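Working notes, beginning with the structure itself.
Per-chain residue numbering starts at 1, and chain names A, B, C, D and E are given in the order in which the chains are listed.
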Amino acid sequence: MTKPAAVPKNPKPKVAFYWCASCGGCEETVLDLDERVLDVVAAVDIVFWPVALDFKRHDVEALPDGSILAAFVNGAVRTTEQEEMAHLLRKKAKVLVALGSCAQLGGIAGLANLSSREGILQSSYCESPSTVNAEKVFPQTLYKENGYSVSLPGLFETVCSLDQVVDVDYYLPGCPPTPKLLWDAVHVLLGGELPPKGTVLAPDRALCEECPRKDTRPEKLTLKEFKRPQDAVIDEATCVLAQGVVCLGPATRSGCEALCPQGNMPCTGCFGPTSRVRDYGAKALSAISSIIDSNDPEEIEKIVHTVPDPVGTFYRYSLPASLLRRKKIDEALKTK
Amino acid sequence: MAVKRMIKYEVERDPQFAGWVAGVIGGERVRNCIQCGLCSASCPLSPYMDYTPRRLIHMAREGFKRDVLGSFTIWLCTSCYSCTVECPRRIRVTDVMYALKRRAIEDGVYPKRFPIPVLASEFGAMIRRKGRVTESWLILRVFLKTAIIRLLGMSKLGSKLFFSGRMGLVPESIRDRKQLQTLLDAVETHKEVAA
Amino acid sequence: MKRYLYYPGCSLRGTGKAYEESLLAVFKALDVELEELEDWNCCGATAYMAIDEMNAFALAGRNLALAEKKKLDLLAPCSACYLVLNKAQRYIKEYPKVAKLLDHGFKAAGLTYTGTTKVRHPLDILINDIGLDEIKARVKRPLAGLKVAPYYGCQIVRPYATFDLTYYPVSMDKLLRAVGAEIVDYPLKTRCCGGSQKGTLPEVGLSLIHILLKEAGRRGAQVVSTICPLCQFNLDAFQDEAGKKYGEVSRPVVYFTQLLGLAFGFSAKELGLERNIVSAKRVLVKFEPVAA
Amino acid sequence: MDARNGDLRIGVYVCHCGTNIAATVDVKAVAEYAAALPGVVVSREYKYMCSDPGQELIRQDIVELKLNRIVVASCSPLLHEETFRGAVAKGGLNPFCFQMVNIREHDSWVHQDRQRATEKAIALVRAAIRRVALHKPLEKKRVPIHPDVLIVGGGIAGIHAALTLANAGKHVYLVEREPTIGGNMAKFDKTFPTLDCAACILTPKMTAVKKHPNITLWTLSEVTEVQGYVGNFEIAVTRKPRYINEDLCVGCLECIEACVYKQAKVPDEFNLGLGKRRPIYISFPQAVPQIPVIDPETCIDFKTGRCKKTCIEACGDRHAVDLKQQPKQETIKVGAIILATGYQTFDARKVPDYGYGVYPNVYTAPEVERLINASGPTGGEVILRDGRKPQSIGIIHCVGSRDENTNKWCSRVCCMYSLKLAHLLKERTGAEVYNFYIDMRAAGKAYEEFYHKLLEEGVHMIRGRVAEVTDWAVTPEEEGKLVMRAEDTLISFVRRVPVDMVVLSVGLVPHEDAKDVRRLFNISCSSEGWFLERHPKLAPVNTFTDGIFIAGACQAPKDIPDAVGQAGSAAAEAMVLIDTGYVEMEPNTAYILEEECSGCKTCIPLCPYSAITFLADKKIAHINEVLCKGCGTCVAACPSGSIKQNLFEDEEIFEEIRGVLANA
Amino acid sequence: MSNPESLVAIQNSFEPKIVAFFCNWCTYLAADLAGTSRIKYAPNIRVIRTMCSGRVDPQFVLEAFARGADGVLIGGCHPGDCHYQEGNYKTLRRVRMLRRVLREMGIEDERFRLEWISASEAERLKVAVNDMVEKIRALGPLRLEIKAEHFPEEVAA
C-alpha cells in the first residue's frame, strides 16, 4: 500500500510526455482536452514533450532526479532507445504514468510478439510488396564511415509493456485514453491525494455497466456463430454481442463511456481487464466460448472457427502483458 | 515295462526360457493364462498332441524348455487360430506356437526327418530364391527329403492333378528378385544388430 | 466401375487354378475391374512364420508396400494370403519393433509403406461393396434346389477379419442364398481341414477331412462350397482316401465362386469345374448352360 | 491474512501410512523440506496421521504453537478430509484453514522411483502450503432432511431395506417396474447351500411389504426424474397402467379365469417363455400385490376394441377392471435414496459356440430354475423341449464370466448355483450330471461343504472350459446327442461328452439400462457397468453422491445373504442420515462481488441449477447460495472476475499452480 | 550447447512437468482408483483438484505454462456424465478455443490435453498420462518460464 510521496504545490510542478512504440493517438488525447489544455499548461511546466516542444534528451538528463512531478509515457517498449528513455524518465519523475493501452498492456504494437525479430525485419525490409531491396540491406545498429559512426537503436525480440521495463505508478487505459480520464488523472495528481500505487485510473467494473445497450442483452444468451462487425448489419439499439458480433465489453474495464458501442461498433477491449483478472485474453476467451450454443464437439469446433483470429481478437491490446507474453521464439522462427 | 522318472526338479527349469516366451511377439500375455483348457478343447489337432496346448503354455511359462521344444504339439499346430480367437485371456496361442517352432529349429531339437519342419524350411528356401512357391516342386522336395516310399503311393493323385492342370511344372518366379533379397537381407542384418 | 488390386498368391496359380478362373469370371460379370498386383511375391503363408518371423513380415510387407503405391484395396482370395497380409499389416502397427525392423528393409529395397493398404476378401467385397441386390440382378439360372454346405475353413474370419462373425460367419451363406441355393445348417463351417497335415501326418489329416465331409452329407448337402484353395484341395483330392479309411463320403467340393459363376450363366469349363478330382458334374449339370 | 503477512503459522503433517507411503516416499525428507518454507512453524512426520494420536498431535500443536493453518499430506481427501477437518476444529481452528495433500493414491501407490515420488510429494506439499496461506474461515450451512426414503427395485435387497426402514418407523416408497415385487429370487426353486425353498422364505417378506403401514408400494412404476440433493430430493415417478384398479381389486383372480382366451397362449415372461399365460394374468401365485395385470400388447380389446370384455363382467360390482386407465405421475420428496435395481443374466446367444437358441435342449440356468420349480411351467418336472426326460446333463460354468471376450469378472454365484442345479437335476431325473468348471469357488458359510456333498453324490466334476456344444457325432454313442468338447485339464485329455441336456450357467451382468439409471441419479458406474461404491471397503453401500445408497447386485454380483446384508447396511446408513436431522453443505459455493459485477449476464445461461438470477433493480447478477452446487463453471467464465468461489478462489488455485511448479 | 551429444543427453534426462486439473467426481476418483489398484504410471503429473472441469479458468492453463509447465492436462467426466450436468461441455468449448490460441503462440497440441476419464477408468488415466509424458518428452522442454525470466537480457544484435 505504498504511495508515491506527496507532491509539493509550489513552484509549478514539472510534467513530461514521451512517446515509445505507439501510433501517437495518445498524444492526441492531450490535444483533445480542447481549451482545458490551457488550464493544464497554466498549472504545470512541461519540461519534455518531443512531439510538440523542442527539448532534447540532455535537457532531461540535466534535471535533478525526482524533479519531475509526473511523466506520462505512452507506447510499448521495443527498442533500446525506448528502454533507455523509460529508465531516464523513471529516474527523473516522482510519478510515472503509463498512458494508453500500449504502455499499459503492450497494445496493438504488441501483436508483433507473434513474430520473431528476424521475421519482422525480413518482412519489413525484404518481403513487403512495396520494398525493393535486392542487396538485402538491413538497418545496422552501428555504421562507421570516415572515422564517424552513426548508431541506430536496436530492436528487441519481444515487445514489452512499460511496467515490464520500469516501475510504473499509475495506468491510464485506452486506445487512446479519453480526454476525460486524462483530465481526471491530472486533477488527481495535482490534488496531491494519491491513490495506491499500481492503480488503473478508471472504474473497476466491466464496460457493460455503462453501456447504453446493457438492458437489451437477453438473460440467457448463447450463440451458434460469431460474426465480425464488417460481416453484420448491427442494430443500433440492441446489445452487440446479442447480435452475434464478438463484443468484449463484458471483459473490459469501463471508463470510456462505451464509445465504440455508441458508435455502433463492438468493444475490442482497449481498456484492458479489471483488477481481478490477470490475463485479459484468457478471461475474454473463457466468457465468449462458454456461451457457444452446442455440446457437440464437431459443431463446437466449427463455431470456434467463426472467430478467425483468436489471438488477434482476444489479445488485440494485451499480448505482451498476457501470461504467455509472446509466441515461443523457436516456433516463431520456424514459421518465418 | 520301463519306468520313467516323472518328477521335475527346480534345476530343470530354465527361467530365461520362460522370460523369452513372455517376450516374443504374441507371447506378452502368457502369464495371464488361467489354465481353463479352452485352447485344447477348441484345437482340431489336440487329439493327437502329446501335451495339450494348455499344458504346453504352462510348461513354457514355467520354463520347462526341453519338454516344450521337444514336444510334438508345436509341429501339429496348423495355425487355424481357434485357440487365439477363443482364449478368454486373449493369449495369442498361435503366435506362441510359431515362436516355439522357430526356437526348436534354431536350437536344432526338432525331429529331423519329420516332414513339417522340413516343409517349412524348404518353403522358406524356395521363397528366398524365387519369391514365389511352385506347389508341385515344393511337395516333391519335401517328399524326397522325408518319405520317398509315400511319394510313390501318391503318384496316382499326382497324375490326376497334373492332367487337370492343377500341377504346374514350370517354376514361378518374381521379376525383381533382387529387391526382395535386399529387403530380406536388410531385415536380417538389422535383426542381428538389434539383438 | 469398381477397381481392386488383385493378389492371386501361389495357390491360385497352382492347385487352386479353378478358384482364379471362376473368381475372375464372376467379378467380370459384376463389372469389377481387377488389376493384378505387379510383381507380387509369395505371402509367406503359414510355413514361413515358423522359420523366420521378421522375414515373414517382410515378405508380406513388400506386397503391402507395392499395393500402397496403387492406392487401391488389395483383393486376396486365398485364405492364407488374406490372413498373412492382414496380420502383417496389423502387427506392423501394433509392435514398434516389427515396424522399425521392416523400415530398415523397406529403405534398403527402395520401398515405402505407411500402413494404409486395405486387404480385402472376395466375400467382403461381394457383400459390402457390391451388395446382394446387385448380385441377385445378375443371376441367369438360379441354383434352385441345390443344397450346399458352406465351408469357410479357419483362416478367413479368424482372427483378423472384421467383415463377418468370428464364431459363425454368414457372408457366404447370404451370397449363395442370393443366387438361389439352399444352405444346410453346417456347424463345422469354420473347423480346420488339417491344412498341410494331410501331407505330413496323413492319418490326422484324413480324419479331419472325413468328419467334415460326413457331416456335410448327413445334413443333406449335395455339394460343399469352399473359399480356400487348401481346403478345396484337401477335401477334394483326399476324399477318396478318407472314404476308404473311415467310410464312404462322396461329395463334390467346389469354390463358392464356381457356384456364383454357374448362376451367372458361365459354363463348367469357364469356371474350371472340370479340374475337380471328385466330379461335380452329376450334381451341377442341370445348372449348366445348354451348349449352343 | 496470507503468506506475505507475518502472522501466518502453518503446521505441516506428513503421514507414513505405515509403509503405504513411507515405502515409496521419503517422508522425512518431505517434512524437512516443508519445515524450511516461509510461514511453516512446525513440520512433523507420523506413522498414522488419521489415528487418534495423530489427530491429537494436530490438536495439541494448534493449541500450544498457536497454529492458524494446517496441511496434512496423507491419503485421498475423499477418504480423510473430514477426519482432519474434525481434528483441526478440535484444536479450536476453523476446519477450512486446512488443506490436504494426496501423497498415497496419487503418489506412493502409483510410482516406483523413490526419488521422483519424493519430489512429487514435495511439490504437492509446497503447493498446499502456498495455497492454505490464503484460506479463509468458512461456515458449513445446515439444511434439514426430509425423513422419507425412496427405494428403487423390489428384489430381495429392496424388500429387505424397505422392511428394515419401515420397522424403524421411517416412511418408505418402494418403486418396482415389474407387476410384482420379488425380483430374481422369486423365480428360484431352492437356494444354496441350505436348499430351502426360495418362495417359503421370500413370500412372507413380500406380503409384509404390502401390509406395512410405513411402505408405499408402487409396482409397474419407474422413477423418471430426480432433482435436489442429499436430504431434499424431489422425485418424479411414472406409474404405468395396470388396467386394474388396485384400490378396488380384492385379488379373487376371477377375471383371469373369465378371459376370452380359454387357453393361455402368450409366452410367459415370469417363466422365461417356457410357459404360457393369458393377456390378463398374475405373474405367479404368490405375486405381490395379488392383483392381475392386463397386457395391452396381447389383449384383444386393446388390439381390436371388439372383445366381449368378460373380465369386466366377471369383476361385476367391484368395477376394478379399468381398460381406460392412464399412466400416472407422482411427485414425492425424500431425504435419502437406496438403489437396489439388481442384475440381469448374461445373454447366452453371445457365445454361439454353445448353441443356445440353435439346439432346443440347450437351456440357461434361470430357465432350468423355472423348469424345476414346483410352480413353474412343468410343475417341477424336468422335461426337455422335445418331451424327453434327460438321461445325461452337462452344466457349463462361467458362461459370460471370466472371459475377456464377454465379461472379465467372476459372477460369484454361478459355481454354487450350478452345484445346486446339479443336485436338483440329479435328484429329479437320476441323470448323469457333468459339471464343467474352471475353478470351484465355494467361499461362503457352508459352501465348501455343499461342494463336498455334491462330490459324494457322484456328480462328474470336469475341470475345463467347454469349447463347443454340437450335434455332430464321431462315435455311434454320440449320434442324436449334444456333444460337449472340453479338455479335462486334471487329466490332460480332451474329452467329448454326449448329453441330452446342456445347462449354461450364465453370469450376472448389469442391467441394460443401468447407465440410464446411473445418469438419472447422478452416480458413477464401474467400467463394467456396476454401480460404483464410494469406497470398496469402507463405504461399500455409499455412492459419491451424498444421500444415495446402493444395495444388492446392482453394485456387483452377489448371492442372497450378501444382498440382504448389504440392504440392511444401506438401510442403516439411510437411517443415520435421516436421524441426524440435517446435512451440512460444503461451503464451496460461488458468490458475486456486488460492487464489481457489471451485469453482463454471461454467467446466467451457464448455471444448470438456475442458481444465478439477474436482479432487475440493481442490474447485476445474484447467486442463490442454496441452489448453487459449487461447480465453479460460472467463476471460470466471469469475464470481469467478479464471481468467486469459496475454497476454490482464483488466487488459491494460482498459488497451487505456482507451488507445484516452483523449483525445489 | 552446440554439441549434439549434450543436447541428446538433455533430451534424455528431461522429465516433463505436467500440471493436471482433475474434476472431483470423475478423473480425481480415477486417479484415486489407480492408487488403490496400484496401477503404475509416470510420476510427472501434479494434480490440482477442482470440483468440476468447468472450474478450470483458461488463465490457470496459461499460468501453468508461464510458470514452467511442459504440459497441461484437464480431466473431466465423459460427455453426458458430468456431476454438474453440463460443466464439462463448457470446458470443451473453452478448450477448443484456447487450443487455437495456444497453437498460435507456438505451444504444440500435445502439450495441452482434455481427457474424459470416468471414476472407474484408472487404466485410461494411466494410458493418457503415460502417452502425454512420452509425447512431451519427444517434443522437449517448453521453456516459456526461462524466456520470461531472461527477458531484459534479450537485446538486439
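Here is the rule we use: contacts are C-beta pairs under 8 Å (C-beta built on N, C-alpha and C of every residue); 3 or more make two chains touch, one makes a residue touch a chain.
Values in this document were obtained by computation on a predicted structure and should not be read as measured data.
Visitor: After chain D is dropped from the contact network, which chains belong to the same connected group?
Guide: When chain D drops out of the picture, the chain contacts leave these groups behind: A, E | B, C.
Visitor: Taking contact as defined at the start, I'd like the list of chains shared as neighbours by chain B and chain D.
Guide: Chains in contact with chain B as well as chain D: C.
Visitor: Taking each chain's centre as the mean of its C-alpha atoms, which one ends up farthest from the centre of chain C?
Guide: The chain lying farthest from chain C is A.
Visitor: Of the chains shown, whose Cα mean is nearest the mean of all protein Cα atoms?
Guide: E
Visitor: Looking at contacts between chains, which pair has the highest count of C-beta pairs?
Guide: By number of C-beta pairs in contact, the leading chain pair is B-C.
Visitor: Counting only C-alpha atoms to place each centre, which chain is farthest from chain D?
Guide: Centroid comparison gives A as the farthest chain from chain D.
Visitor: Could you put a whole-Å number on the gap between the CA centroids of chain A and chain C?
Guide: Each chain's C-alpha centroid was found; their separation is 73 Å.
Visitor: Measure off the straight-line distance from the CA centroid of chain A to the CA centroid of chain E, and report it in whole Å.
Guide: Here the centre of chain E sits 32 Å away from the centre of chain A.
Visitor: Please work out the Cα centroid separation of chain B and chain C, and write it as a whole number of Å.
Guide: 23
Visitor: Could you grab the centroid distance between chain B and chain E? Build each centroid from C-alpha atoms only and quote it in angstrom.
Guide: 47
Visitor: Among the residues of chain D, pick out those that touch two or more other chains and give their numbers.
Guide: 353, 606, 633, 636-637, 650, 654
Visitor: Can you list every residue of chain A that touches 2 or more other chains, as numbers and ranges?
Guide: Within chain A, residues 277-278, 283, 286, 290 contact more than one other chain.
Visitor: So which bits of chain E are touching at least two other chains?
Guide: Correct list: 57-59, 63, 86, 90, 94.
Visitor: Looking at the whole structure, which two-chain pairs count as touching?
Guide: A-D, A-E, B-C, B-D, C-D, D-E
Visitor: Taking the complex as given, what residues does chain B use to touch chain C?
Guide: 25, 44-45, 48, 76, 78-82, 84-85, 98-99, 101-102, 105, 114-117, 119-121, 123-124, 127, 131-136, 139, 142, 150, 157, 160-161, 164-168, 172, 174-176, 179-180, 182-191, 194
Visitor: Help me check something: in the complex, which residues belonging to chain A touch chain D?
Guide: Those residues of chain A that touch chain D are 204-209, 214-215, 217-222, 248-251, 254, 273-274, 276-278, 283-284, 286-287, 290-291.
Visitor: Touching chain D in the complex: which residues of chain B?
Guide: On the chain B side, the touching residues are 34-38, 40-43, 46-47, 51-52, 54-55, 82, 86, 88-90.
Visitor: Which bits of chain A are touching chain E when the two form their complex?
Guide: 79-80, 114, 117, 141, 153-158, 160, 164-165, 277-279, 281-283, 285-286, 288-290, 292, 294-295, 297, 300-301, 304-305, 307, 310-311, 314-315, 322-332
Visitor: For chain D, which residues are in contact with chain A within the complex?
Guide: Residues in contact with chain A: 593, 596-602, 604-606, 614, 619, 633, 636-642, 650, 654.
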